[in-house]
Amino acid sequence: MQLALATWHEVEEYLQTSRGIIVPVGSTEQHGPNGLIGTDHLDAEFIAKGVGDKIGAMVAPTLAYGMSQHHLGFAGSVTLRPSTMIAMVGDIVRSLARNGFERFFFINGHGGNIANGRAAFDDALTAQSLHANGRPSPIRCHMEASSGGTRATAPARALFPGALGSHATGVEVPPAQFSPAEAIPRAQMSPMVAPASTSLFDCFDYRRRYPDGRIGSDPSLSTPQHGERLFAAAVEDMADAYRTFMA
Amino acid sequence: MQLALATWHEVEEYLQTSRGIIVPVGSTEQHGPNGLIGTDHLDAEFIAKGVGDKIGAMVAPTLAYGMSQHHLGFAGSVTLRPSTMIAMVGDIVRSLARNGFERFFFINGHGGNIANGRAAFDDALTAQSLHANGRPSPIRCHMEASSGGTRATAPARALFPGALGSHATGVEVPPAQFSPAEAIPRAQMSPMVAPASTSLFDCFDYRRRYPDGRIGSDPSLSTPQHGERLFAAAVEDMADAYRTFMA
Amino acid sequence: MQLALATWHEVEEYLQTSRGIIVPVGSTEQHGPNGLIGTDHLDAEFIAKGVGDKIGAMVAPTLAYGMSQHHLGFAGSVTLRPSTMIAMVGDIVRSLARNGFERFFFINGHGGNIANGRAAFDDALTAQSLHANGRPSPIRCHMEASSGGTRATAPARALFPGALGSHATGVEVPPAQFSPAEAIPRAQMSPMVAPASTSLFDCFDYRRRYPDGRIGSDPSLSTPQHGERLFAAAVEDMADAYRTFMA
Amino acid sequence: MQLALATWHEVEEYLQTSRGIIVPVGSTEQHGPNGLIGTDHLDAEFIAKGVGDKIGAMVAPTLAYGMSQHHLGFAGSVTLRPSTMIAMVGDIVRSLARNGFERFFFINGHGGNIANGRAAFDDALTAQSLHANGRPSPIRCHMEASSGGTRATAPARALFPGALGSHATGVEVPPAQFSPAEAIPRAQMSPMVAPASTSLFDCFDYRRRYPDGRIGSDPSLSTPQHGERLFAAAVEDMADAYRTFMA
Amino acid sequence: MQLALATWHEVEEYLQTSRGIIVPVGSTEQHGPNGLIGTDHLDAEFIAKGVGDKIGAMVAPTLAYGMSQHHLGFAGSVTLRPSTMIAMVGDIVRSLARNGFERFFFINGHGGNIANGRAAFDDALTAQSLHANGRPSPIRCHMEASSGGTRATAPARALFPGALGSHATGVEVPPAQFSPAEAIPRAQMSPMVAPASTSLFDCFDYRRRYPDGRIGSDPSLSTPQHGERLFAAAVEDMADAYRTFMA
Amino acid sequence: MQLALATWHEVEEYLQTSRGIIVPVGSTEQHGPNGLIGTDHLDAEFIAKGVGDKIGAMVAPTLAYGMSQHHLGFAGSVTLRPSTMIAMVGDIVRSLARNGFERFFFINGHGGNIANGRAAFDDALTAQSLHANGRPSPIRCHMEASSGGTRATAPARALFPGALGSHATGVEVPPAQFSPAEAIPRAQMSPMVAPASTSLFDCFDYRRRYPDGRIGSDPSLSTPQHGERLFAAAVEDMADAYRTFMA
């Protein structure tokens, strides 16, 4: 069930049965020669909707922009500042909590969001913990990597042996291409497998080390069939994680 | 052309021919008994994509959340604070400008965003104007109401004579329903035409005056056919406005 | 009645009879070759005091600085950032509300303040609407253009036929000159009527298009007599608008 | 010369001869049974204009609101938060500096502003000092107590022997009453001399200790003649301090 | 070499040979019945000074407060908000970078700081990456867990078999007690091994689950001898990590 | 009693007997040719611990960084922005107040912190004073100059006749050297007595006027014996001031 496609009466009915909501969050940043700029948020959005359909959970509109400063050396990449992410996540949680939502399950398609998402939760929790009245709040937030479950990571490693990498990878590029987007880019990549990751600093450093945007990956052979398979596995993984969070 | 579905190489090619980008912005808020909570951002997104397809302009991922404090009395509504909107819009503009975008055309589906969008542009412009170096910046931002053009408003007034209203209206409810969302809610509305608008203050005041969420409107008879017609008109209007802005 | 000239005992007495207060807000920015830099706040202040005297409303000290980034290309212009205006308006409202004021009527002499004033009200209202306790607040804010009423705009159009313009206009320049300020600048203007307005961006763009600061206006013939007439009309307009707001 | 009453051409001419500007800053807060709420900003404004007239210095529009949290227990008092004052002072300095002002002389009518004014200057100076380019900035800010000079304090002590006090005092109440404001409040005060000052904390504590708002003072006998004398002395003091600052 | 104990001339000399600096960061929060409230920052400080002595690296003054909202249910615990940590870390980095430091190695004694430290680095890096001039910055930040290296974790697991836990653990409690603080608290703990960790939310939830503050640990038998051994191992680990970072 | 060396049970016991806590605050900035960069925070820390030991007051971990923008022209100096100091002080006060502390006595080793500390207290007090509920808060904050008492200033003036100065002075340099830090720098100073203070602006201006960092002082003859004597006097002074504050 998508929040965007519900009426407010339908949301009230849903709240009779559950206090949980899934929020997809990703990024808008380069994903190498054949990866879509929206890869991370498309992955998060499709997997979240898959989970919502499978187990009847409400899914909020996608946060399509994230922490992507590393990628600003490549055209089309957008970053939010940490303070912007903290504010945005907090506003969404506080607004939905006002009318009854209590459990916020963020399905995250972008590793760069983890620290800032955690900082956003810390910010909300600090306000609760400092509150003079001293009553516990029912609000709980949790972030899970969209393709980080066991069902999704095993076949991804098998499909891209030794070249899964850490950006523009075989776990993230294919599911986005399995989305309604039909145009799947083709690209010659050289070297076939991109340089492996080291510590990352600013975007100048990033582009110098990883000139086509990939880190340690060879997504050149990713296909919609890979995407379909990984998508299904990720939906299973995230559905389990959501059920655990709600328990 | 959608930024989310492009690779960074494709964005670089696009920048050879144009410095403009369309950013859809809307809200996540109640739209009465049969209006979708995502109405405003779905409208903005579909119209923006329509314009992008029609004239080859790049379309950025949608900002699905906006200034909606009036609506917090109804379940499922979300508001950003003004400072959050200012920060988010500024981050997107600064990021895209870094690699060559110069003209930012926001197609806005929600009246409540106008002041905050303008404040966000003021914030960016103040930084430019105060800058000691004293060089003019090529960055320009503009916001246009998605259904505010002459082609869209005339038939909307004709389809809903005397009951177009100012929230959950016949201009905004139908286009969202024409979207891929198949499930069109049906609802009995009483009174048929909602009370007319007066000044709006906080969400308690709003819910007391407009108990089912509508203001001055009767969207009960809105159909996908209305949506299709209004959508097509709005795309024409916005395409013209974009061309004027880029000239 | 002016707040600055009252004692706190007198304010307590006033609050027995009314919960309303008028706050004049303007700008400190160039107004062309013969317009005063304080035009907008002087207009707002004199009209507000006129309304206060006429109907016994309390008038707060003037906010003399506003959103004026367009004008930073001209010496003596000052701008606040949007976040500063939001903070300042919020502090004033919260402070006065603490001891009983509930209705805040801003008489605004500068079009550039409208969006930021609205954002400031949105900020205050969001805090009210998000508040967990769920009680409506009595606080209401409203902004009205000092010279935007029907009584003031009609004669201004007649006095400056075809050359009223949109900055350094015949509606705003004369009332400020009718103020205690005796020194009325004289200036040769060329062209007589300044170029008409288009979209405005940063201050470099502004100065290039409107080299003497005026937009579409010919204030060269403005006289204290014009000012006296427009001032009286504006006081009538604003007194009506205040009464409507307080009803 | 008042900035508000100048045209931008006149400001350009002034900048040929001087880079200095005087900014009056005060408060809007209770001043006891017969003191005006605007006492501090009226004092600062009249003394600043007196200095401007005497030595031909430019005077900016008055900052009428300040740090007044202690006084929020009395109707009509307004406080800005420290962050608001820092932002406002910084915006004014940065805007005026853009077109050539370099020396900012704040004539301050309210002791509670001293720390926040200093913090505002620290904020501006930190930005200068951290700047990578490593060039010294010509911008200098200074704050002076409007009635703190030797010429003003001596007769004030003589006029109110043993009862000058530290709020609603004989140095600040009379000059404001010498202003165009004709209505001079009369009030019976009991005790004649208010309790002496101790450390100040929040507004509840303040009102409990000083129930009519005065601290250590007996302003009941203040007259416009006192005001005239103290005003003239303060203008002399501030003119000297300004000349020293500009040297 | 400690920055606090150097003169500025000595710092200039140091910068001729190295651009690196170590910043210890910890927390001020409860650590169970016999753990010191300063455990995390004392650990970080002593290990950092140990590394500094061993390899001649400069060590900055300790950040003794961190993100500790979970612990606010226990007296003496202090938390910073995420925005405060981001600001503080940024100010320190920018200040030291101004005169030549380039590599910032944070030795962190508290797991709760990881996300906020990363957000602080993201904030600094975003400013670099968005900068229009497009030059890479030499500034690099890295955070390492003070007791997270292989030399320290192995013996800790051996010393506290099955009861190392995740708060008030045998890795963190002993080194702080090995510090100059002689008074080692003794406490009866019940149960001997605290409940194991689950997800953590606000401080009410925390105290309900872990009533004496410990999570999964049995630090009752920790001794200064343990502390000495773990301290020495951690210094070795961190010295290696620093050398790798500087390479 | 040091908070860092207590367990949370011990803090609870302390709160049965006292609601007061001492917070040392200083700076990390150059102190001339033979002064330690940590002088100000070392002084504050040692004196605070001395007071704590003497009268059984709790001492919180030291805030080692402060407002030091003047000194950024000298290697090793660090400044916080005013907004950072306000946030940090507020977080510490709010956290400790949550579990029962009410009186916060800041022992300050650095004059540059006074305005920002006051602004931080104003910020906390404004929140209290604006609070709608209208109940007085027990929280009180006070800042005292570590070496500003009568017992410490008299011998300092005697030890450094005519050359006490205002930065890198004989009151502050010796006590830090009396600390466990054994290495006491020796330096030739020229001129023997540094130039006297005038108004201070940014760091470029500072370094030009005071090229070796000192202002008006001759600390070349400071000895650990001076430090011991001044330290003992300052502990007496501060113990008295704390008792007065707590009364």
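What to note about this one:
Here the chain labels run A, B, C, D, E and F in written order, and each chain numbers its own residues starting at 1.
Quick note on the criterion: a residue touches a chain if its C-beta (ideal position, glycine included) is under 8 Å from a C-beta of that chain, and two chains touch if they have at least 3 such contacts.
Everything quoted here is computed from the prediction, not taken from an experiment.
Considering the contact criterion stated above, the chains in touch with chain A and with chain E alike are B, F. The set of chains in contact with chain B as well as chain C comprises A, D. Two copies of one chain, chain D and chain F, form a contact in which over half of the residue numbers belong to both partners.
If each chain is reduced to the centroid of its CA atoms, chain C and chain E end up 54 Å from each other. Chain E and chain F have Cα centroids lying 24 Å from one another.
Shared contact sites, meaning residues of chain F that touch two or more other chains, fall at 72, 79, 81, 83, 95, 98, 129-130.
Contact between chains, using the touch rule, shows up for A-B, A-C, A-E, A-F, B-C, B-D, B-E, C-D, C-F, D-E, D-F, E-F. Interface residues of chain B, counted against chain E in their complex, comprise 94-95, 98. On chain C, the positions that touch chain D within their shared complex are 2-12, 15, 28, 30-38, 41-42, 60-62, 64-65, 68, 72, 74-81, 83-84, 87-88, 91-92, 95-96, 98-100, 181, 183, 185, 187, 213.
Interface residues of chain F facing chain C in the complex, by the touch rule stated above, are 129-130, 132. On chain F, the positions that touch chain D within their shared complex are 67, 69-70, 72-73, 79, 81-83, 86, 112, 114-116, 118-120, 122-123, 125-126, 128-130, 134-137, 139-140, 142, 199, 201-205, 208, 245.
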